[in-house]
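Per-chain numbering from 1; labels A, B, C and D assigned in written order.
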Amino acid sequence: MVLDNFRSVISKYDVIFFDAFGVLKTYNGLIPGIENTFTYLRERGKDFYVVTNDASRSPEQLAQSYVNLGVNDVTPDRIISSGMLAREYLDLKVRQGVVAYLGTENSAHYIETSDLKTLSIRQLDLNNVADINALVFLDDEGFDWNTDLTKTLNLLRKRNIPVIVANTDKTYPASRSRVSFAIGALAKMIEDTIGRQFIRFGKPDPQMFIFAYQHIKNYPNVSKKQILMVGDTLQTDILGGNKFGLDTALVLTGNTQAEDAEVRIRATGIIPTYICVSAVVE
Amino acid sequence: MVLDNFRSVISKYDVIFFDAFGVLKTYNGLIPGIENTFTYLRERGKDFYVVTNDASRSPEQLAQSYVNLGVNDVTPDRIISSGMLAREYLDLKVRQGVVAYLGTENSAHYIETSDLKTLSIRQLDLNNVADINALVFLDDEGFDWNTDLTKTLNLLRKRNIPVIVANTDKTYPASRSRVSFAIGALAKMIEDTIGRQFIRFGKPDPQMFIFAYQHIKNYPNVSKKQILMVGDTLQTDILGGNKFGLDTALVLTGNTQAEDAEVRIRATGIIPTYICVSAVVE
Amino acid sequence: MVLDNFRSVISKYDVIFFDAFGVLKTYNGLIPGIENTFTYLRERGKDFYVVTNDASRSPEQLAQSYVNLGVNDVTPDRIISSGMLAREYLDLKVRQGVVAYLGTENSAHYIETSDLKTLSIRQLDLNNVADINALVFLDDEGFDWNTDLTKTLNLLRKRNIPVIVANTDKTYPASRSRVSFAIGALAKMIEDTIGRQFIRFGKPDPQMFIFAYQHIKNYPNVSKKQILMVGDTLQTDILGGNKFGLDTALVLTGNTQAEDAEVRIRATGIIPTYICVSAVVE
Amino acid sequence: MVLDNFRSVISKYDVIFFDAFGVLKTYNGLIPGIENTFTYLRERGKDFYVVTNDASRSPEQLAQSYVNLGVNDVTPDRIISSGMLAREYLDLKVRQGVVAYLGTENSAHYIETSDLKTLSIRQLDLNNVADINALVFLDDEGFDWNTDLTKTLNLLRKRNIPVIVANTDKTYPASRSRVSFAIGALAKMIEDTIGRQFIRFGKPDPQMFIFAYQHIKNYPNVSKKQILMVGDTLQTDILGGNKFGLDTALVLTGNTQAEDAEVRIRATGIIPTYICVSAVVE
């Protein structure tokens, strides 16, 4: 496996899309040295965006989490989350009534509008569901799985409504040696059980990439050839980037370990343009 | 759709296999009139067995539940459960050490032997898993889903051990209008997430039918042509019975409603030999 | 099931996306009366596009097929095909070398460029595959399935290259009572067998809809709320349109028959904004 | 990875089940030295059976193929094939009329009885299908895939009949460096397309193992603990053997190569009792 130098790789592109978890940060803070990368991008005037499967918080709250870690470069306008797509869907297609959700109040706050109320499945009364017009899976926290997943299943048996999964990931790292289920896994269990087709947002889906593409400062005067997608996960970041027509760089600081990279690329047929040790510019 | 008379159907067979839920009983007691069926079977000297995807209790406890409902015919030796197959697997293939489980203490009691200890995932310490030799999914009750499903996922990341799913059903009816998740759905979520192949017991798997077949009083002097499988679910009872070479009767008192039966048979290609209103002999 | 009048439905939108097969035409010519729809669109100055999972021919050839049927409104610039996405992918991501393909010479002609040669799997020598940089599934015709699907499987065992499926449909109607396999079904068989992840283009994938969206004459000065997607298939046209944020109209002249529409909408959870008998303006 | 000595492994068991392809023979003849194993079994009076996913020929013809290679120990009564299960199914459940099939005439000859006629899909007239009572997938050879797979799909749209897949394998090795599609892959494509549930016979299904178990000379006086399953494929031989309660030995002369064995066992969670270089007794 030939490793590419990250500095020379990004020097060839005008815009960089970064995955967040496993690329810029982990469960216990920033990837060491990643500040250098932001400095490099700033000095060279390169544009960049964080493209993340995350519907647990608003872009403002996500940006604040970087400020809390000492990084001021990741401003809210540079964050593209799958939660933003869920919100756009509701704006375009649901518009009014009540949206039931699984997640924290924090996650729900972001999708609420003057015309569209939100209601936690926790608080849902199954005998009173006539005004529920959609269901959104936002976050794996904020509810009791035993009670509320069962309630969700029964809601869907009563109401044939659009179901939106705002983060398709199945797990996320919770510590050095442990993972947690992400909301995507819980949504999949209900989808399989009820046999209906949910509407899923998040990488590798191209809608995520077009959404990021349209947020680029110089859009539409940037060609796809000038953009690099940097990620740690073959099935989301690299597959999605490739399919959208972007060059892609796999980094080895997250889901894909150095010792597995070659085997996984061969097994999946998902081929990154580059492989780099990390997204740190040294 | 031509409906067959249940009395004339079972008169042609020497041995009857019954599914339990949706055929003999429901969430609120016996199917009305099912006592007549037991009387008929007793008077005609026909042999019968209850073949059930259930690992929540021992055959003795399951039999007691019929006694509590006023039926004395369903003795423990007439009950064939997927939990019995899980226990046989552990006897043959695991033999010693500790088996972790998801379920109630009641369900675990049944698989415990002098050489094989059981440990609830509730009580499992993830830092001390070296002596866990197998994991069994027994029941959807008896544990906290948020905490313990996550613990289970992390146990499997640490230990490559056999995983047994003792009931493959995805849901069960909890009341007239509500369903609950069965342990099979939770197991499937973890299987999909971890990407490993679990060992699953329960209809439609033929191992369930051969197990029942071998428990028949006159075995091996009964041909498969003399046995009828009676069930309410196409994908488990009817598919499994057909594949094992038995004639099959679909009844309309449980998962398959009269108005859906024809559509579902056409859609799935799972074709029962007979369709009857219920398993009640009138 | 309440049926909507197609004329009043499309009067509310500025841009109409039509699926081709089952909406504008069938195996034996135009949908009777569909000429009225084109007249209506022309007279009202409404913009429209044909958005089709088809990689068997170029937009020019597809447009010519409408001219041959007596319709001059469907000009090449109004045709958006999944084959165009495959071609864009090759332009962006493969660029040079040889692309092996399954399909007719006609289908291959369209993806060939000065830098990118095409080679039919028919003519491929499995001992000489070093310069094959990609594989594209274009059409179910033009090759011998016994020989060439097996050759394709072995090519992929030798070369870990991007594999593009330029039409994800599984079947298409071949006559009043018969269907044929589309290339998407053959591709899926090979993908399942080899265990790798192919790159698939075609509805319901949002990339197809964004591609169409960007081809609109007044783009980007058209909001998604002004666009209607008209299709005969829930899983491609309606699901994809909904997810992209468009209003959708299901018509009953193709894959979805009037007697099945309600059952299928309930079973799949894919809910069109409108249901119309056909796309004919009367 | 600790390798076990095959001689000491089989010395502990009274009955050995062998997979055929990749264990006893390959595309170009016997595994070198495998004659020693048969000599050993004969001298020690150990019972053995060949348990194979193969419906292309009768046990007599399969046995003859060993005689042709110079081995006389593999008599017809020692061969248990998935084709035998398909035949038993037809005997029990179809009984009369016409069975359509995909495969060679050779494969069909075996399932034909005085009451049950067979008809190749090649010769089927789609306008005359009223007496077709079942469809069987037997072999990947003997028909034209372009024409006859399409005909099969249309037959199933006209007739809701039981569909039997008599070999669930997806590929088989055709030479040192090439594989061919097995009939199981073609059947899966049609099953996915039509959305119905086919009846599948072959390892890892327990019905295959119980069928073999009941053919043992001393049955039922042999416990499962006295039987060893020897195979080259984790997903069929080892998974199926384990689930049925047998000890299992993985050999490295076929589908699982020495360099991949550990990774695959970890990835799949399918754990053989032993790993041996080959099934040759040295």
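We take it that contacts are C-beta pairs under 8 Å (C-beta built on N, C-alpha and C of every residue); 3 or more make two chains touch, one makes a residue touch a chain.
Note that the structure is predicted; figures quoted are calculated from it, not measured.
Cα superposition of chain A onto chain B: how big is the rotation, rounded to the nearest 5°?
180
Would you kindly tell me how far, in whole Å, the mean C-alpha position of chain B lies from that of chain A?
Chain centres of chain A and chain B, defined by C-alpha means, are spaced 39 Å apart.
From the C-alpha centre of chain B to that of chain C, how far is it in Å?
Distance between chain centres, rounded to whole Å: 44 Å.
Please work out the Cα centroid separation of chain A and chain C, and write it as a whole number of Å.
So the centroids are 28 Å from each other.
So which stretches of chain D touch two or more other chains?
Residues of chain D touching two or more partner chains: there are none.
Would you identify the shape of the chain contact graph, picking one of line, ring, star, complete or other?
ring
Dump the list of chain pairs that touch, please.
The complete list of chain pairs in contact reads A-B, A-C, B-D, C-D.
Could you pull out which chain B residues touch chain D in their complex?
Where chain B meets chain D, its residues are 88-89, 92-93, 156, 160-163, 194-199, 205-207, 210, 220, 224-225, 235, 239, 242-247, 265-271.
In the complex of these two chains, what residues of chain D are touching chain C?
My answer: residues 126, 144-146, 149-150, 153-154, 157, 170-171, 177-181, 185-186, 188-189, 192-193.
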